[in-house]
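Sharing a structure with you now.
Read from first to last, the chains carry the letters A, B and C; within each, the first residue is number 1.
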Amino acid sequence: MDLILVNLIDGLVTGLLLFMLSAGLTLIFSMMGVLNFAHASFYMLGAYFAFQISLALGFWMGLLLAPLIVGVLGAGVERYGLRRVHQYGHVPELIFTFGLALLIEELVQFIWGKNQMPYAAPEILQFTAFSIAGNSIPAYKIFMIFISVAIFIGLLWVLTRTRVGMIIQAALTYPKTVEALGHNVPLIFMGVFGVGTALAGVAGVIAGPVLGTFPGMAFVLGSIVFVTIVIGGLGSLWGALVASLMIGWITTFSKAYNLRMEDLLTTLGFTKPEAIADSPWRDLWSITSPQIADILPYILMVLILIFRPYGLFGKRGV
Amino acid sequence: MTAALELAALKKSFGKTEIIRGVGLSIGQGERHAIIGPNGAGKSTLFNLITGRFPQTEGTIRLHGQDLAGKAPFEINRMGLSRSFQITNIFPKMTVFENVRCSLLWSMGYRYNFWSMVGRSRALTEGADAILEQINLTARRDLPAGVLSYAEQRALEIGITIAGGADVIMLDEPTAGMSHSETDYIVDLIRTVTVGKTLVMVEHDMGVVFGLADQISVLVYGEIIATGTPEAVRANPRVQEAYLGTALEDH
Amino acid sequence: MSDQITTDPTKPAQRMRAGSMVLPLTPWLIAAVALLILPFIFTNNSAITIMNQMAITIIFALAYNMLLGQGGMLSFGHAVYAGVGGFACMHIINATDFFANLPLPLLPIFGGLFGMGLATIVGSFSTRKAGTVFAMISLGVGELIAACSVIIVAFFGGEEGISGDRTYGLPFFGVEFLQQIEVYYLIAAWLMISAVLMYLYSRTPMGRMANAVRDNPERAEFLGYSARWVRFYSFVASGFFAGIAGALFAINYEILTEENLNTTQSGIILLVTFLGGVGFFFGPIIGAIVFTLVQTVLSLQTELWAFYLGMIFVATVMFFPGGLAGLIMMHVPAWRLGKLGHLAWPYLKTLGGGLIGCLGAAALIEMIFHLRHASIGDHEMTLFWTTFDSHTVLPWIIAGAVTVIGFAICRATAPAMVEAWNEANAASKVTT
């Protein structure tokens, strides 16, 4: 029971982190119809910038400044890159962001090298917040949860309660009309893109010390983020939240509990072949849940796509 | 003889708004039927229902007596119904000739064929050229369709629509956005290429409607308030009141 | 551009006789002859290795372009179809009894069938939609299968992959494929066969409808074709040819690992195809040749080759979405008018300046890289056959000056080039 609680917290941290990325990605997608392949690269840039700033000014300035820089960079990418490619259609847009993701990874390697950066949580947060049945919960995890939830509430408030949010929501559905009403839609697009990438930057800043700051970090998380928004339904913010938490918990739990395929198959009434080493099914028998934890999201995605092609919360025809 | 197209108690709602509120209509073989009505009456929605672009909420649509419920556009097309679009809908990157040839493929029995060369088929080439001749685009044969003038693109659209040999042709505002001379040209074209076929059209231009149609239905707020010959519709007091009162004075 | 075409009523209808446009033979004959004699020109083993790699990449890129260029479907996981084809072939090679009765040149057919089989399964749900949804599914499925390679050890061989010996096959007219050159001719033959077949496919009703669905799926549906099934068939056909490429990879390298399946590999093939140009059949061929050469040459010279490649790729997407093939075809009108020669000198001035600028910039980048990442105390670096101390000022001044001068020349002569370009294409305007 206590272990379940610990895993619930761990999964929540992972899920909320995923949500910070998928929220920005979904917002950008539903607004511009562009799936930003380089989204996780901005997450990586956030971590690296924060690391560099933290060397000079400390962690907290990094948390403040790095997302801002990432957001400005993101807005610049929209203004000078994406807007240009937009005229060629959606597929070149996707290819552009894909190329950008490659380029950013190479750029990061060019500047910081291939090794992991010694980016760590600030000392003030390096203590045990509380422990459950001998498992200590670091304060940094609580801090991560706090930041993510705060950002989510802030985002929700801006989108539903402020004038800017209203305009954004309107521009999501009727960009032409909103433009005709005198609002600068290209500027809104640029802003949303900037904010979305800045959110990814925040995620990078707070995840960097835990998950490691290295050139492959964008790639590791990137494809999971895409899977998340496909499962949640392209363009649905609630779908992104549900899918993020779901994936967070599924992967955490399957890593924590060593379920073995052998036990499952035996329970189902199969008998283990005698000469297991020669059997073509030997890999099936030896699978354990921690082993496949990282590919469960992909399996989930394929299943969802087969049975609910529009995702959990997706609208038909998106 | 069964009607070419038969609608019964057809309804369509988007959310809570009912756009088509129980339409019943029977269009006979070889008839030239125009659907007119003020803006927002639901003409285009009705069109999209018939051609399977949207599913209907209630009611039935029958093509040559066969129910179209749940059929995808391509299945409806194979049953002998072809349509044009209000906004020009062609293959802009392909040549004019290719556009027409692609629309011949299914009806000439090629289906999902991946072993014969389209260029080798004399029937395809001649068929496509014959249609180009009909729509007077022979001189534009090898240009990308996207560079044609607007009227030419509309003509091509009609060419694509009739090419498959469908016997029910549906045209969605074929003369929208055209000048007077262009309109006259397209009307003549429609008249010649739809000889012997059932024609259903939505049109705003009353000159076109009264020139082409032998039956007219008036759609107002999702209901058909009158159906009949142009003269009868013109004389119908309800129509006068609802719609033509203003529109006809202009013509 | 569009005006001059539409307002030209004098243009006579160019009627082609049916059949005359099916297969222009000349380019194919040239290609076949070139493939035959290339090993006599580049005789050393490393050249043949590069040519083998090139030929395999060409087949894969052409297969990929059946999706991207012809069908408008962007796949981020196409390496798995080639990879699975390759893995299957490797298992056939290792199935000694069966392989002893199978001539090696027939093996790629099996690779194709396995690639096609996988594409049939995945395509059954992934081709419902084109565009973004398709791209995401292809990525997810690609990642899934790549991740499976470490779990399903029996098929993928885990971390170390699986390997075999191609020479155990039934000798083919006495050839046992011990020599690299024999393998070259096997691959070259399959390159010709696959390229011709893929070209012919694009001329069949399915190939034409793939284009139609790419441009306007809705219209295609109202012509009697289900957009989904058209996409599905393109996907399956593409999977077949990708499988052939994978089989040839297995024959050539005799080992397959997770690297043949992963997203990096899928990304490379997208890059190759797009650089070459998706709009024309021969685009991916150019892309594969150029990419293989650049990769081989650059990766010997600099650690940063992937960085440069990334920049070239992004620049291509932004400024030349037609790729290299598009750039070449842009010059066809000028060539028809016989004015291509007029462009040579302006091009030389502007692009030459740009090239010098790029080299200067590359030198700066290399020096920064050296300054940051070379081991401490290592001040010496070699660049463009010159060895110097990267911690002194002079090389920086030289590199900076070259960069500035190069780009300055490029900028100063650009208007003249644009003018020359307009001039070279102007004749068609006179006739209007």
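Everything below uses one rule, namely that contacts are C-beta pairs under 8 Å (C-beta built on N, C-alpha and C of every residue); 3 or more make two chains touch, one makes a residue touch a chain.
Just so it is clear, the structure is predicted and the values come from calculations on it, not from any experiment.
Compare each chain's C-alpha centroid with the centroid of every protein C-alpha atom shown, and the nearest one belongs to C. Distance from the centre of subunit B peaks at A, each centre being the average of the chain's Cα atoms. Taking each chain's centre as the average of its CA atoms, subunit A and subunit C sit 31 Å apart. Distance between chain centres (mean CA atoms), subunit B to subunit C: 43 Å. Separating the CA-averaged centres of subunit A and subunit B is a span of 48 Å.
Every residue of subunit C that touches subunit B in the complex is listed here, in rising order: 2, 5-6, 9, 11-16, 18-22, 200-201, 203-209, 211-212, 215-216, 218-227, 229-230, 233, 237. Within the complex formed with subunit C, the subunit B residues making contact are 51, 72-74, 77-78, 82-83, 85, 89-94, 98, 101-103, 105-107, 110-122, 124-126, 129, 138-139, 141-143, 146-149, 152, 160, 164. Those residues of subunit A whose C-beta lies close enough to touch subunit C in the complex are 29, 33, 35, 81, 84-85, 88, 90-92, 94-96, 98-100, 102-103, 105-107, 109-111, 113, 219, 223, 226-227, 230, 234, 280, 282-283, 287, 291-292, 294-295, 298-299, 301-302, 305-306, 309.
Those residues of subunit C whose C-beta lies close enough to touch subunit A in the complex are 68, 72, 74, 76, 125-126, 128-129, 131-133, 135-137, 139-141, 143-144, 147-148, 151-155, 263, 267, 270-271, 274, 304, 306-307, 310-311, 313-314, 317-318, 321, 365, 369, 372-373.
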